[in-house]
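There are two complexes below, and they share chain A, which is joined by chain B in the first and by chain C in the second.
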Partner chain A sequence: MSEMKKIKNLKEFSTSADRFEGANLLCPGCAHSIIVREVLNATNDDLVLSASTGCLEVCTAVYPYTSWDASWIHIGFENGSTAVAGAEAMYKALKNKGRLKQPDRNPKFVSFAGDGASYDIGFQWISGCMERGHNMMHVVLDNEVYANTGGQRSSSTPIGSSTTTAPAGRVSYGEKKNKKDMVSIMASHHIPYSAQVSPNKWKDMVKKIQHGFSVDGPVFINAVSPCTTEWKFDPKDTMLLADLSTDSLVFPLYEIIDGRELNITYRPKNVVPVEEYLAAQGRFKHLFKDEYKHLIKEWQDRVDDNWSYLQRREEARV
Partner chain B sequence: MAFDKMELKDIEVWDGNFAAAQALRQCQIDVVAAYPITPSTPIVEGYAKFLADNYVEGEFVMVESEHAAMSGCIGAAAAGGRVATATSSQGFALMVETLYQASGMRLPIVLNVVNRALAAPLNVNGDHSDMYLGRDSGWIQFDAYCPQNAYDLNFIAFRVSEDHGIRLPAMVHQDGFMTSHTAQGVHTISDDDAYNFVGDFKPMNDMLDFEHPVTHGVQTEEDWHFEHKARQHNDLMTKVFPKIEEVFTDFEKLTGRKYNIVEKYDTEDADVAVVCMGTSVETAREVATEMRAKGIKAGVVGIRVIRPFPFMQIAEALKDIKAIATLDRSAPGGTVGMLFNEMAGCMFNLEKRPMLCGKIYGLGGRDLTKAHLVELFTELQANVDAGKITTPLQQFIGVRGPKLSYL
Partner chain C sequence: MIKKGWDEFEIGAMLRTFDGSINDIAGTSQDDRSYSENSSYTASVADWRLIKPVFNKDYCIDCQFCWIYCPDVSIISRDKKMIGVDMDHCKGCGICVEVCPTNPKSLLMFPEQAEEEAEIASWPAKDEEK
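Take a look at the complex of A and B:
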């Protein structure tokens, strides 16, 4: 039987993650480790994990050390999802044949990947895993940039962000394209559950992860992961940025059941203007020059439009 | 649910693909992750049908690309069970990244590669161009000359690959269409004998042993990467051949069929010989016999194991021969053929070195005829008589238009 953790308060929550060690090489203030701990913390069941190439992978499994006290595999940049799918297939095969070493266990299969490894190079592999219906969860650590290779744009990078391959300059405001809507794309695979989560809305997140672990089939989770290095903010402000992203509705929290039914799971009491979210990060600094100020208004319009769309979808119950 | 046994006749008429599929069934593969590509597709189709008919128990993961096929196989192998797949040509090319990861993680997987040309121009027929894409990836590579070999070498590949002292993935190559789609009588092994030969899969560091969690596929920079690669290389160079010899001997005890790392044919007293792989070996043997009737002492050396490359065995087989031609079935892309290159490497330190020339043949499925080989043996004899190489070092055989030769 599935074993979900019963967690009463934040203190208990923060000290109960024991399968991902604090000893790792991630930057101070990196949200990746917080998200990983929250995911692993949602269950007492055994885990079969993968990481695609990225910050999380290179910072947590540097021979002869490992930060993982759970089965873990890394193959390449694009195929962490398929590695877990292969392990899940083997689990089914050995279970049917009665050859599992510990047949009473109910392992959870999870792949972690950054936005580059999910939205871009790993896109096809994840789509394949979702379509084939593996009993697994794919978690995107979405920091909206190729952070591991030094800050290049990905298809998750939002418009107006200055990156090393889409830099702001004398005649450019940086990234020209808007962020790919990965949750909708994945939900369109008609998977049982997909959701956006934020590490600082930990109760909402744990609830979603536990729901994801309880369903039969593929689950897609997109977690906002503020990046001190590439978003350019003080490491102590990670959770402030996570809050600004959800409270400005730039990164709204919702879930999609069976690829159709959308539920908004968090409605900020006081919606923060997008300007405040942008102003808190160095990557958008140039947008506050006179010539680009209209972009901030466009940003706000886009966020408002998306929020309205999500509410209409929720209301329509289709 | 237990699977059903299949009654096989002592000799079945199978093509190379079906022979390989039957071997996978008899080994009771736990997971196959695959993506179809001509001419290898019938191997995994065979596995799917065996599953559908309850002749095998396992999981068939029909993935969305060959890269994902090997990625799934790696995840499955790391989880601790018997894993196999098949591919060809462009699909093999797409897999190459993951081949290094499978061997670097020391995961036993058997990959049937049905050799085929590489585009452009697009071509579905057999040559060995794809084979060489994976030759430095740290896999063991066996070469089948006929459907019988394709069947037998799969059992041998699993035994070697899954051995706890080896734990390196293995490929079984066969020629596209010429072997994969040509039916011949294949001597079979019973289901029980076949499974007993490969044995139960014995997991090691498997991800489904939750009492002993394991980290696979770590990062190693300059302080450890070299040691890992060197250890893997050392095991390939020193452990694999003794293991293969042992398994060949066990296989001979079971079936009476004797395999050798280097397949020598009439080489003991030969003046001239060709060195080749795949279907051309059997053609060359037939022509060599005919040449002997004409007074030319001809021999053939077939390479059975491509990786690790049997340098010493080949040097030993060829040291007393006067003139040799290597038959390369791949476009060398601006250099000498792969076999020519490796042959030169293994003979360079011999006191008495044979004359060596390289022939490129059969690209994109072009036939290698007996007439081509008669001409080649005659040319080699002319070199022996003249005491020197009288033709260019590199020549194309059977290409339309003017003769192409270099060096």
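Take a look at the complex of A and C:
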């Protein structure tokens, strides 16, 4: 077992040699690559990575270029997680047979997928990986929409959001259904670790990723990834949106250990009203019209309700 | 590099990032790696950029916020010091300027064609505390 990388502060972190390269074709200001870098830099071990179809995959492996300085595979939309699980099973088998050329190296297995590939299309495959107990990590880059194919709704899209298949207009306020609680669903597989992270809290994120790498078994990470194109904000405001999402408790940061023990890892000192989070994004612009104003109150109530639920669950240790 | 057409490349193509073997990628800094021409490190997206960040060393406190939050790995940070911006990979999103905590900011966005030395010479003065 190799030693865990020691990261005390940002200066120490900045000596990491990046394994994700620039000149990828992600939009300017895309949070995907910030999340990927924070995940990859959290460890010094060898990496076996996969990416399901999505922005991250099509923008970082445009033939003849690749942006990944690690073993990286892309196969189908749904089975990025199973590809990594297969590699992990093979690694384990070869290790047991003593046929690994470098048995002391300890690769980490990570699959990246967007919310479309995780919440909808790859759901069954991820569930299978979690259930079979592969020693791998699945990271969801949750931008709440099928951003790669033109902004269709996914089951991660929150209520009131205007998307291309659920547009806001005279007859509709946009998406009518609410977001799936994926972290809880995955935690219900009784996996050793599942957590929700945000790129703006890098220390919290690195800590969770390192904890995820240190446990033996499947790990599920849901990372908030503000999307400049589909959330409709200025590229420079990516980190501002990430701040707003965590501080307004729309994306509370917490972890669930062994499917039971819930810990809230970040409590904002000043909780920002959800209205500010909504106002910063073009996709919620229509909610500020008079006829849809009640939805903002609904949003606030639901976020408050979820926050009190998480706090009660943390206290009760269930 | 020979670019192949859509019907020419083989199914299950493999792209090698490095020429020769590197045993410890995580311990080798970008400067010391021998990238192959398949790595996007050798490519450039500089023509995407309309505004560019200009770095003023005088005010930088090496907090490394720009390094961690740069989505394009364009902040060149060596030995815990911020030394510049990689203009081949920067797309000009401006996150580095937003997260810079110094007063005045040590990174500012200017039009792509602006002269760097002239802009550094006319750097804004410290804001008064409100």
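Keep this in mind: the second predicted complex is superposed on the first by the 311 of 318 C-alpha atoms of A that agree within 3 Å, B and C clash if a C-alpha of one lies under 4 Å from a C-alpha of the other, contacts with A are read in each partner's own complex, and residues count from 1 in each chain.
Here, a residue touches a chain if its C-beta (ideal position, glycine included) is under 8 Å from a C-beta of that chain, and two chains touch if they have at least 3 such contacts.
If you're wondering where the values come from, they're calculated on a predicted model, not measured in any experiment.
Student: Give one word, clash or fit, describing how chain B and chain C relate on chain A after superposing.
Tutor: Chain B and chain C clash in the superposed model.
Student: On the A-aligned overlay, A:V215 touches which partner chain: chain B = first, chain C = second, or both, or neither?
Tutor: neither
Student: State whether A:D18 touches chain B only (first), chain C only (second), both chains, or neither.
Tutor: Only chain C; A:D18 stays clear of chain B.
Student: I'd like to know which partner A:L100 touches here: chain B for first, chain C for second, both or neither.
Tutor: Once the two structures are laid over each other on A, A:L100 reaches chain B alone.
Student: Let me test your reading of the model: by the given contact rule, A:I185 touches which partner, first (chain B), second (chain C), both or neither?
Tutor: neither
Student: May I ask you to decide whether A:I257 touches chain B, chain C, both, or neither, giving the answer as first, second, both or neither?
Tutor: After superposition on chain A, A:I257 lies in contact with neither partner.
Student: Applying the touch criterion given at the start, work out whether A:A83 contacts chain B, chain C, both or neither, answering first, second, both or neither.
Tutor: First partner only.
Student: Counting only touches as set out at the top, which of chain B and chain C does A:I7 meet: first, second, both, neither?
Tutor: neither
Student: Of the two partner chains, chain B (first) and chain C (second), which one does A:A279 touch, if any: first, second, both, or neither?
Tutor: Neither: A:A279 stays clear of chain B and chain C.
Student: Could you say whether A:W202 touches chain B, chain C, both of them, or neither, answering first, second, both or neither?
Tutor: The answer is second: A:W202 touches chain C but not chain B.
Student: Going by the clash criterion at the top, which of the stretches 80-88, 224-232 or 332-340 from chain B hits chain C after superposition?
Tutor: Superposition on chain A puts chain C right on top of 224-232.
Student: Under the contact definition given at the top, report the residues of chain A touching chain B in one complex and chain C in the other.
Tutor: Common interface on chain A, chain B vs chain C: 46, 61-64, 66, 68-70.
Student: Any idea which chain C residues touch chain A in the complex?
Tutor: Listed in rising order, the residues are 1, 3-4, 9, 13, 15, 17-18, 25-30, 33, 37-45, 48, 62-65, 67-74, 77, 79-80, 86, 88-95, 97-99, 109.
Student: Using the touch rule from the top, collect the residues of chain B that touch chain A in their complex.
Tutor: 1, 30-31, 33, 57-59, 61-65, 67-68, 71-81, 83, 97-98, 101, 203, 206-211, 213-221, 224, 228
Student: Provide the residue numbers of chain A that touch chain C in the complex, in ascending order.
Tutor: Chain A reaches chain C through residues 10-26, 28-34, 37-38, 43-46, 60-70, 199-200, 202, 234-240.
Student: Considering the complex alone, what residue numbers of chain A touch chain B?
Tutor: Per the touch definition, chain A meets chain B at residues 46, 48, 50, 57-58, 61-64, 66, 68-76, 78-79, 82-94, 96-97, 99-102, 105, 107, 124-125, 127-128, 131-132.
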